[in-house]
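Each of the next two complexes has chain A plus one other chain: chain B in the first, chain C in the second.
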Partner chain A sequence: MTKKDKYQKVAYYPGCALEGTGHSYNRSTKAVGKALGLDLVEVKNWNCCGAMEVKNIDPKLQTYLSSRVMSVAANEMDMDVVMAPCNGCYHNLKKAEYDLKHDPESVDVVDKLSKKAGHKTYESGQVETIHALDWIKDTIGEEGLKERVKNSLSGIKVANYYGCMYTRPRHIFPEKDQGPGSESTSNPHFMDDLLAAAGAENVEFPLKTACCGGAHTLSDSDTSTKLVLNILKAAKLAGADVIATECPTCHSGLEMHQIRAEKVLGETVDIKILYFTQLLGMALGLKPRKVGVHENVSDSMGFVREHGLA
Partner chain B sequence: MPIHEKSLIRPENLKTHDELVIDGVDVSGHWSTFIESRVVSDYNEDLQDEIAALPGGEQIHRCWQCGSCTNSCTVNAINEDFNPRYWIYLIRMGMESELLRDKDIIWQCVSCNKCTYACPRDVFPEGVMKATAHWLERKGHTDKSPSMHFDEVFTDQIVRTGKIEESRTIRGFFKRTGQSLMQPWMIEMVKRMLRGLPIGLLTRMGLATVVAPKTRGWSAASAAMQEYIDEQHKKQEQALSS
Partner chain C sequence: MRPLADIERTMTAIDVEADPQAAAGELLALSEEVLEHWVTAHGREPTDDKREGFRLLALHRQGTKGDPSFNACRETAREIAYHYNLVTMQPEHTETTHRAEMLRMVSNHLYLFVSGKLQVAELGEFCCSAKPIRSADKHEPGTSKEA
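Moving on, here comes the complex of A and B:
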């Protein structure tokens, strides 16, 4: 089966952030899926993947949490693909998959915890975890998108920001760096490809995979504000009007520290921040409210209207 | 036993002479700064094993000091004292007192994994940083860092309910670390956040702050995880006290 066929119907794992601060990412991902005729079936009764915190208490506990999500998708829903739009969820499921394939101790811990918890133990290989970028790229692709674009993003200059967890560490993403057509871990381009197909002008953005300090966004806010300021300023200097994001932690980190930089350091960087699914959705003809632009913390309603997307 | 360059150039090890004449030659002045000699005798020979016994530190022995971690480090770029390569060196040498000079910044690793990506020896420096930060706390060298408080509040919520409700985590963290929620930037953010939210979503999110979202049938998983955490903690205590 080709990826194109395989990804038409996927188990959808929104994760905790998409039910909270990242709700507009949730709304826009679902709306884009619907507009493209792709089928999302939410993972039943899912749990948190462990985010960036549980591994610091115990990495194998995080592996268990992520494995339970995959176990539900495989064993209770009979799905073979899990799609996670959040970089954190995506990364953790990938990491769990890698550890369960290569580390017998992790297999042992996950098996014991799963039995005590009363569900089937996830076995590596039962599902394939993909990101929302893979999902759209492999089902519809650039050519398919070009045919479906109703409101071109032309005239909008975009800095594509991928963050840390989509590409690092390399070993948990065995399908990346496999030559033409595959994603690159050093210079990711799937988001660039999709938005370019929707008409956007991507700027040369050197901080694509820089860190926003998301893990310490509250516990070491000064560091996070410095890191975010770097990203905002670099995007602005590169000529971008908007930073496109693909992770709720990065997105809310950029928004929060844009405000914090303003209030604490007195530095204002005027740049818009939108989820890539919001930009794609509007290009597909969806109204800004349908993709939750009005729900973002940073106000982009005026901006999208100016560019004829409303 | 090599003496590391960094300990030599610490400001407190420098001696400057305003007037110094040796064999009739005037060597006073800035160019003739001398370095205080010192003998390192307080090695902790168990240091590497102790770090390796904590989660993330297991592969520290593989390091051959190429410096790729520090070179790629996000935090090093904004604070040059943040030096993973150097700390790994000190741990492997057992130079505990030298490591303790940096005890208050090691927890600041942001887990971006650039070091793990760059490391040619699979040391997983990101994990070593976490293990070292834990070691400092467990040995009583530092208080629990804000990051550790956050991790504990967060993990506790997941173990109990299976899910994270963000406002609860934030409130719990601010309370535990004695910070006020009413900081100007926080107020501004909440204001801007509420501005656009539709009533339905607002109600649902408001409700979630009262009744936490839960994974159904979570109690067995919760008990199993808590038991596992306690077991691991005990094992680590043994490794640290031997």
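Moving on, here comes the complex of A and C:
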């Protein structure tokens, strides 16, 4: 079965962030899926992937938490693909998959905890975890998107920001760096490809995988603000009107520290921040509210109207 | 090796318009100094080796030894090398000043990342290859009370 066929119907794992600060990412991902005729079936009774907090305290517990999500998808829903739009969730499920394939101790811990919790133990290889970018790229692709675009993003200059967890560490993403057609860990381009297909002009952005300081946003807010400010300024210098994101932590960090930079450092950078699914959705003819533009922290309604997307 | 705060001030003060090539050399050297701080803080002697023609990349490689999460700035270091090459190998290019300014921003990002990471080092690593905070306490994996 080709990826195109395999990914038509996937188990959707939104994760905690998409029910909170990343609500508009959740809304826009679902809306884009519907508009493209793709089928999302939310993972039943899903739990936290272990995020950063659990991983720091007990990495094997994080492996278990992520494995439970995959176990539910495979054993209770009979699905073979889990799609996670959040970089943190995507990363953690991929890491759990890697650990369960290579580390017998992880297998033992996951088995013990799964039995204790009363569900089937996840076995490596039962499901394939993909990101929202893989999902759209491999099912619809650039050509398919071009055919479906109703409101071209032409005239919009985009800096694509992938953040640090989408490609790192390399060894947990064996499908990447496999030559033409695959994603690159050093210079990711799937988001660039999709938005270009929708008519956007991508700018050369050297900080596309740089750290946004998301993990330190509470413990060291000043550093996070400076890191974000530098990303915003670099995107502006690169000529971008908007930064496209594909991670709720990065997105909310960019939005909130954009505001904090104004308040604390007195520095204003006039650049919009939108999820790639919001941009794609509007290109597909969906109204801004349908993709949650009004739910973002920063106000982009004027911008989307200006570019004929409203 | 000057203090990190001095490095930041120097980066900010460099006039990239007056002489982009000289600025590129200074920014590359300052970025190397930032990585020297990281390597030194981890009890090692900063290398004088080069990788792909850049000491910066050799220092980054050295900085990842025993701490794979430091790879989170790998592409940043590589972008510095790339922009240095753009400015110095195509000095007549119409966008040379713009490229040098971008080099400053990428170098600044390396500074912010490394200095921030040094400040929170005692809290444990939060990035992609996270290490458990309690590793020093011989915490047994999968045995926390919650589990």
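Here is the rule we go by: the second predicted complex is superposed on the first by the 310 of 310 C-alpha atoms of A that agree within 3 Å, B and C clash if a C-alpha of one lies under 4 Å from a C-alpha of the other, contacts with A are read in each partner's own complex, and residues count from 1 in each chain.
In this text, a contact is a pair of C-beta atoms (placed from the backbone, for glycine too) under 8 Å apart; a residue touches a chain by one contact, two chains touch by 3 or more.
Treat the numbers as computed from the prediction; the structure is a model and nothing was measured.
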{"item": "Side-by-side fit of chain B and chain C on chain A, or clash", "value": "clash"}
{"item": "Which superposed partner A:Ala17 touches (first chain B, second chain C, both, neither)", "value": "first"}
{"item": "Partner chain(s) touched by A:Ala234 [first = chain B, second = chain C, both, neither]", "value": "second"}
{"item": "First (chain B), second (chain C), both or neither touched by A:Glu105", "value": "second"}
{"item": "Touching partner for A:Pro206 - first (chain B), second (chain C), both, neither", "value": "second"}
{"item": "Partner contacting more residues of chain A (chain B vs chain C)", "value": "B"}
{"item": "Contacts of A:Ala310 with chain B and chain C, given as first, second, both or neither", "value": "neither"}
{"item": "Chain B versus chain C as contact partner of A:Val149, first or second or both or neither", "value": "neither"}
{"item": "First (chain B), second (chain C), both or neither touched by A:Ile57", "value": "both"}
{"item": "Overlap of the chain B and chain C footprints on chain A, listed as residue numbers", "value": "52, 55-61, 64, 109, 112-113, 164-165, 168-169, 210-211, 213, 215-216, 219-220, 223-224, 226-227"}
{"item": "Parts of chain C lying in touch with chain A, wherever the complex brings them together", "value": "68, 71-76, 78-79, 82-83, 98, 101-102, 105-106, 108-109, 112-113, 115-116, 119-120, 123-134, 139, 141-144, 146-147"}
{"item": "Residues on chain B engaged by chain A in the complex (per definition of touch)", "value": "55-56, 74-75, 78, 108, 110-114, 116-117, 124, 127, 130, 134, 145-152, 154-155, 158, 162-167, 170, 173-174, 177, 184-185, 188-189, 192-193, 195-198, 201, 205, 208, 213, 215-218, 220-221, 223-225, 227-229, 232"}
{"item": "Interfacial residue positions of chain A with respect to chain C in the complex", "value": "52, 55-61, 64, 91, 105, 109, 112-113, 164-165, 168-169, 186-187, 206-211, 213, 215-216, 219-220, 223-224, 226-227, 230-231, 233-234, 237-238"}
{"item": "In the complex, chain A residues that touch chain B", "value": "16-17, 19-21, 23, 45-48, 50-61, 64-65, 68, 109, 112-113, 116-118, 164-165, 167-170, 185, 210-211, 213-216, 218-220, 223-224, 226-227, 255-256, 259-260, 262-264, 294-299"}
